[in-house]
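Before anything else, here is the set of structures, which you'll find just below.
Presented sequentially are two complexes of chain A, the first with chain B as partner and the second with chain C.
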Partner chain A sequence: MGVKVRIPTPLQKLTGNQAEVICGGSTVRDLIEGLEGQYPGLKERIYDEAGKLRRFVNIYVNEEDIRFLEGDGTSVKDGDEVSIVPAIAGG
Partner chain B sequence: MSFVKGLKCRECGREYPKEPIYVCEFCFGSLEVVYDYEKIGRALTRKAIAARPPALWRYRELLPIDGDPTVGLTSGFTPLVPARNLARELGVKTLYIKDDSTCHPTMSFKDRVVAVALTKAKEFGFETVACASTGNLANAVSAHAAAAGLGCYVFIPGDLEMGKIISSLVYAPKVVAVEGNYDEVNRLCSEIAGKYRWGFVNINLRPYYAEGSKTIAFEIAEQLGWLAPAHVVVPLASGSLSTKVWKGLKELHKLRLIPDLPTRVHAAQAEGCSPIVTAFKEGSDVIRPVKPKTIAKSLAIGNPADGYYAIQTLQESGGTGETATDEEIVDAIKLLARTEGIFTETAGGVTLAVAKKLIKQGRIPPEEPIVVCVTGNGLKTQEAVAHQIGQPIRIRPSLKSFEEAVGSIQ
Partner chain C sequence: MKTPFKNDQIRRYSRHILLPEVGGAGQRKLLEGKVLLIGSGGLGSPCAFYLAAAGVGTLGLVDDDVVDLSNLQRQILHFTADVGRPKVESAREKLEALNPDIRVITHKDRMTSETIMDVIKHYDVIVDGSDNFPTRYLVNDACVLSGKPFSHGGIFRFDGQLMTILPKQGPCYRCLFPEPPPPGLIPSCQEAGILGVVAGTIGVAQATEVLKLLLGIGAPLVGRLLIYDALEMRFRTVKVPRNLECAVCGDHPTITELIDYEHFCGLGGDTHG
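So, the complex of A and B:
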């Protein structure tokens, strides 16, 4: 069944306008590698040239920010939900 | 007439047309409005500004709308109060309170950003507007949407102060209280925004919305006789306000409406939610998100979107940052009320408490003019001080009872 990944609007051009895709992997990093295979170009939007997560990208595993978990080494399993969300202002 | 050229990514510089978009498709950087300053310079003079009504739209050329303003026509232009009693108490020569606790119609600086955001929403043809909010933004969106005849959804954390919930509900929007903190509300809203065609003021209208905050800086300079103060202390939640105050002052300087720009912008956060000030103090290039724990709920954003730009603002302007504990916040609210007769909400308590600290530490020298930005009204967060301001003196309706009571308290 894989991991359900929610794709933010700015990246949906790469996923053929799909807002949710299913992918496999054991960590967040794996998952994004997998997505890159299915939707080429997606990885470079999320990681910078140095291979670090871009600073304005927030990733959540089951609604928890991965920076409170183990970053992109956070493990994921079948049935988990992952959200990729651009940072947004507020108040 | 429009003075806006388009949008541009703050990170990679890619350009975008004027649309309801907020983030660069390539690097997730936030999009910023680009103006034609030459054209603005020909239209915007001190004289032209002086002839306009006392509202934030008097700086219309520096705001990102194409037509005439249609929402929040009476918002902004709040008093710049010379705070002589407070200055004496803090041992400084000149201190002003920029008092947005009186902003029309919902008594916080959010009326500024929403006036701009909803005017823009109407230009884009949105029929429903929405926001994620710690309270004040929800109040402003609800009130302005009612007046503008727009549908309205506001999303708030489940544990907000009653005053802030009532101050949204009364305008009859759909108020959605989410079980979670603001950062969780915000994440949810960014997913909702992707699915519904609404004008989300802090999401797809963000580049336009955020520009409204510049008007605080414009007003401060105009009210000082077209001068920039030496120090401005602002509260930080997402960090946007500090960057826009600085941008506003830089624009006035570029347009030669102020002769020079000596201002240092200082940042105030609550100790229980200080990801930006902590990163600034540590000289870190990473802002670590936090789970907020503070009475200053309007500043309780643990994952601040504009944090990096806020740090850049402090560095560029030569400012600094400090934090205030819950106790210091309450003390500062009481101090402002006692000395100047201004009742601020917790965010104003944070800002004044930090200003006090910076003065004490010598980082704001006592002889240099200081402006403290009070961004919201204490009537909305009465719980924060309710048990720390004493009780009424209870008497029977007789002179004897009054004199006994007065005798005992004198």
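So, the complex of A and C:
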């Protein structure tokens, strides 16, 4: 079953144009490490050089922003939906 | 004593006036409403068009750009013969032709930390339909510092985002995304493309939020981010808590003056796309 991760359009070129990937892990950090293994380059789009979550990319577990939970230590379980949502500026 | 509606106003706005939530009193609020649109492009065009049709009495338009042929696939206020004309002039002409009741004020200018406060103070609600991060953060900070409600809308390829900000009552754009990305990390519309109609969906949703605020009806999109995926035709909302440590609207703000971030998104020409 695993956790469904929604990949935003700008990052889909790293996932072979997939908008959704299924991943395993018990925290958001695990998920992203797992994704990086399958789709190299994804992690650096989410974390900065200092290893902190970038401030213009949000991660939601279901409807909740992990910055207001336990950051990338936020736990996830099978059936959760995780969304990666970058800021967009077009108008 | 308020001036009564003229007969043609009663007919023009009859489908509004029929709504118990609007009525004559609500329509009068719209006619007295003052809305500033930052950007007369993809988002600003459909938003301004519907606000004009709705009879919002004063519309301010901010854009320093001229119409380009590549704009016409989504910027519906501009026609083929307008290529090369200032966007605010082209937009004003269409809006006044649609509804002679309204007054359109044009600002052929780019907002900066020096100018924005003096412009927004004349308006009730602000619509951010700009196309670059520096302007978006400037609009957010200026609206928070002056307590002006505003509608945030953003589009990219097949995606849209929407949020309404009521300063201090709910989260601001910096509560959602604390800082803009550094130059070059996120491609702009010119580089990445945009399905034109996505601008319509989000721009019209912004107009809807503005009308609700002016009328004082319904529940504004405060504390929630609407995420639109056109390819899957899916609308989702996620929760946006107010960040008590927000640099501009938190309990101990560190931003007390406006910032001009380096403009990096425009590749020349299309500045308020």
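Everything below uses one rule, namely that the second predicted complex is superposed on the first by the 87 of 91 C-alpha atoms of A that agree within 3 Å, B and C clash if a C-alpha of one lies under 4 Å from a C-alpha of the other, contacts with A are read in each partner's own complex, and residues count from 1 in each chain.
We adopt the following convention: contacts are C-beta pairs under 8 Å (C-beta built on N, C-alpha and C of every residue); 3 or more make two chains touch, one makes a residue touch a chain.
Since the structure is predicted, the reported quantities are computational estimates derived from the model, not experimental observations.
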item: First (chain B), second (chain C), both or neither touched by A:P10; value: both
item: First, second, both or neither for A:K77, with chain B first and chain C second; value: neither
item: Chain B and chain C contact sites that coincide on chain A, given as residue numbers; value: 8-10, 19, 54-56, 58, 60, 63, 65, 67-68, 83, 85-91
item: Residues of chain B defined as touching chain A within the complex; value: 11, 21-30, 110, 131-134, 136-137, 182-184, 186-187, 189-191, 193-195, 202-203, 206, 209-210, 237-238, 240-241, 286-289, 291, 298, 301, 303, 305-306, 308
item: Residues of chain C that touch chain A when the two form their complex; value: 39, 41-44, 128-133, 136, 153-161, 176-181, 186-189, 192, 194, 199, 225, 227, 229, 231-232, 236-241, 243, 265, 272-273
item: Residues of chain A touching chain B in the complex; value: 6, 8-13, 19, 45, 48, 54-58, 60, 63, 65, 67-68, 83, 85-91
item: Footprint of chain C on chain A - complex, ascending; value: 8-10, 19, 54-56, 58, 60, 63-65, 67-68, 83, 85-91
